[in-house]
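Multiple structures follow.
You will see two complexes here that share subunit A, one where it goes with subunit B and one where it goes with subunit C.
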Partner chain A sequence: MQKDVIVATEISREFHRADRQLVQALARVSFAVERGQFVCIVGPSGCGKSTLLQLIAGLLLPSGGTMAVNGAPVTGPGSDRGMVFQKDSVFPWLRVIRNVEYGLKCRGVDKAERQRIASLYLERVGLSHVAWAWPRELSGGMLKRVAVATVFANGADVLLLDEPFGAVDYVTKRLLHDVLLTLWSEAESGARRTVVFVTHDVDEALILADRILVMNGGRLVDDLAVEAPRPRTTDSLLKAEMVRHKHVLLTHLGLETRAPAAAGPALRVAP
Partner chain B sequence: MSSLEQADEGRRTPALAPRRAAMPGWPLLGRAIARRVDVLGLLGIVLFIVLWQLLTYVIPRFSLPTPRDVAQRVAEDFVLADYLVAYGLPATGLFDSMLYTTTNVLIAVAIGGAVGTVFGLITARFELARAILDPVTMTAGTVPILVLAPFFLIWFGIGRVSSVLLVVIYVAVILYIYAQRAADNLDPVYEDAAYTLGASPRRAVWDVLIPGTVPQILGGIRIALAGAWGLEAIAELLGSQHGIGKIVQVLAGSTDILGIFAALLVLGVVAVLFDALAALLFSRLAAWSVAARTSGE
Partner chain C sequence: MNWLRRHRVSLLVLLGMAAIWQVLSMIFTAEAVPGEPMVPGWQIVFSRTLLSLADYWQGGLGVPSVASGAERSYPAALLSIVSHSLDTMVRLYTGLLIGGIVGTALGLAVSWSRWTRRLVDLPVQFLRTLPLLAMVPLFQLWFGIDFLGKVIFVAYGVGVIFVAGVVNAVKNVPQIYIDNARMLGASRRRVYTTVILPSIFPELRATILLSLGIGWAAVLGAEYLGAQSGLGYIIIYSEQFAYLDRMFLVALIFILYASVSYWLFARLSAKMLQWMPRAGRITALG
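Now for the complex of A and B:
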């Protein structure tokens, strides 16, 4: 089994804006993600982090460079890469449990089996009691949990999350982190799934990630390893290593002027 | 996990339980009908009849017959209207004529609805098809359907084909626009989500595009159906040997106001009944949508 699940080589992506101006969303981005790693991508809005995620998902194709997942180049979306979107993507025309089953249905899993799996994951995100409700009857945080359950139930070994909890209140967000980390750490087949999580929330990244990729202006500008033990608590965020990381991240986001060098050596990935 | 359950506890009881109880199911069909024909609706009908009756005191009887006379005339002409034979027409009544008109309307709405929906959805997803079809359809939409009637009568002769085709064009244009707009408005995130879960393009159409646009398409069908009755009647009026429109045309020739009122009453009642039936059926088909919920409660 290969060590690296996602390998991006010199990825570029341009867009034509409505006014016909060419926008460089990503410029020669290269990185590799190891199997089982929880990677957060952090950067200011418009830095290309969502574009990068869509390229891994195959919803966009690169203008230059190659994106490979599990050794095969990405040519389009597939069930090996599950995605939780920023917007609500739970189908409003299917009851909650039918939503969670949907990926399994696409792959031809028989009805009893997919209902068993869907029930299991609904239970694990704490939503058994609304299995037969319509999505419109659920709160925003509950819908996010349905989306997470749907992606995990589908068994993809690469999970892509695009600012999934950005619109969720603080308490719900903290609970959703626990759900996500629990599902991630107790993978059914033994091996942990690989997670790429896009966020603009520095604390969220520090709580969740093994590794934080920092983006700015379409380039990868830093790559931090977060080695703090899990489970991480409020106290974890106060440890010297975490505070150092936070200073680095805030500097990258332009909120602090202290040079990243003073807080520790920053790895320059792209020129 | 338990903290999550607790977080929901507050919302579950007040928000979810009562809404779930209100969710209509097939066993509640009877209740749904009862809710539709509610007290206020009946009050409106009573008010209308009273107003009509009052107007008959002001307007001469030969211009505006009383509700009672019209009802009586409907009863008389229902099975067999003897005056039709005098005009050399087959011996039928309001019932048979309305059956003919209704059949034509339903055929036209079915064909026009299917054609319009299919092309509306296709053009919403394929730029090339849209570029080709949009101008043609929009032009067809601006041509008054009645202007087409003479051509249709020449091309297809007097009979069912001409009138049905006229209504088909009208329904198809409406549904084309409705289906296209519904697909345009469907958030692309749903199709993206389906693809990342492993859906094939075929599945994305059947499981996402169609269910996601159904509420608006059904709304379009209702609008088209409402217009189709009048159009079919006019098409029959211009050239047909059958139908409620033909009866109106014959009676207009002899200024039989009472007879015309009787025919129009039958047409109106049938149109309203079918609209109510469609509304009920559609609220079942799109039970998930917010629109269906608010109209059902």
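Now for the complex of A and C:
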């Protein structure tokens, strides 16, 4: 089994804007993600991080370069990759458990087995009690847990999360991190799944990631290894390594100057 | 009793409308031809008029027809209403079903692939612009004046509405549901059956209600020309002899059928849409 699950080589992607102007969303981005790694992609809005995730997903195809997952070029969406979207993607016309079963049903898993798997993952995200509820009866945080359970139940070994917890409150977000990390670290077959998690929340990235890719203006501008032990808490964020990383990240995001101790305002608000 | 209390106002309005009609019948006593008032009062509609519908009973079931020399009777009148209604409804619902299915399929084809869009879009746009009722004589000549001609006519009238409704509704399906289904491994066919169809249904309710109305109009239009049975046949036959009261009674029967079909549809769709937030649900007419 190869070490690298995702290999992006010189990926470029252009879009035509409504006024027909060509916009370069990604310019010659190359990187590789190892199996079992938890990678966060951080960058200011409009930097191309969501585009990059969609290219791994196969929902978009590159204008130039190649994207390969598990050794095969990406030609479209597939169930070897699972995606948790920023907006609600839970099908409102299916009961919660039927949502979690959806991917399994697509792949022809028989009824008893898919119900067993779906129940298992609903239990692991703490939603057994609403298995037969309609999605409209659930809160925003619960819907996110349904979405996470759905991609895990589907068995994809590459999980793509596009600012999944951007719209939930702080407490719920922290609980969702725990759910996600638990599912990630308790892989039943022993092999951890690979996670690519897009966010613009620096603290979120530091709590979750083994590695943080920083993007800006359609390019990869940094690649940080986060070696702090797990489980991480808010206290972990106060450790020297984390503070250093945080300064680097905030600098990339344009919120801090390169040397925080230097004269002048430490916090610069981007125009 | 609860039902009466809840619908007190509606019932009073209905009774008021019936009373106004009665008053009008007493004020405007003009007659179309001698013995046929322009505004027939209820005492005429529910006695003489009802009885006269016995003329359209073909005989059978132990109730002889007027044509064979029997007296007009209420059993014959009721059987007449039932049999002509059945004829019309079989034409209507067969046409609705065919038109609904074919129209939905064509509507989905517009978004299925570039190739099917090119194939379907233009001809359907073209067919849509043809005025429905002006097409009645053409359909009669092409498909005959029997069952097939009427069913195809209703199916055509309903089908074009469905195509337009489905095309619009599909455009409004949130892309995220389609992306999510594809990421979970759904084939295009499965995306259509498990994502597109359920998510267009709420918007399609308006189309279905509209097509029920158009369907009634179409089946009557078809029966006006050359039918030997059906409610439209009774209306056009009555018109020739200026039997205004009979036309009015048949119109009342239409209102009854249309109300029942709207009510049934509202009940059914409320059941199918229990997943929707309450704000988006239709309130039952009952």
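Quick notes on this structure:
Following the convention adopted for this analysis, the second predicted complex is superposed on the first by the 258 of 271 C-alpha atoms of A that agree within 3 Å, B and C clash if a C-alpha of one lies under 4 Å from a C-alpha of the other, contacts with A are read in each partner's own complex, and residues count from 1 in each chain.
Going forward, a residue touches a chain if its C-beta (ideal position, glycine included) is under 8 Å from a C-beta of that chain, and two chains touch if they have at least 3 such contacts.
Since the structure is predicted, the reported quantities are computational estimates derived from the model, not experimental observations.
Partners subunit B and subunit C clash in the overlay (superposition on subunit A). When both complexes are overlaid on chain A, the residue A:83 reaches subunit B and subunit C alike. Look at A:170: by the touch rule set out above, it reaches neither subunit B nor subunit C.
In the superposition on chain A, contact of A:126 is made with subunit B only, not with subunit C.
Partner contacting the larger number of subunit A residues, of subunit B and subunit C: B. Once the two complexes are laid over each other on the shared chain, residue contacts for A:107 go to subunit B and to subunit C alike.
Shared interface residues of subunit A (contacting subunit B in one complex, subunit C in the other): 57, 59, 76-79, 81-83, 85, 87-89, 91-94, 102-103, 106-107, 134-136, 150-151, 154. Residues 57-59, 76-79, 81-83, 85, 87-89, 91-94, 102-103, 106-107, 124-126, 129-130, 133-137, 139, 141-142, 145, 150-151, 154, 160, 171-172, 175, 178-179, 182 of subunit A touch subunit B in their complex. Across the interface of their complex, subunit A is touched by residues 176-177, 179-187, 190, 194-195, 198-199, 274-277 of subunit C.
For subunit B in complex with subunit A, the touching residues are 1, 3-5, 7-8, 11-12, 15-16, 19-20, 23, 187, 189-190, 192-200, 203, 207-208, 211-212, 214, 286-290, 293.
Residues of subunit A touching subunit C in their complex: 57, 59, 76-79, 81-83, 85, 87-89, 91-95, 102-103, 106-107, 134-136, 150-151, 154.
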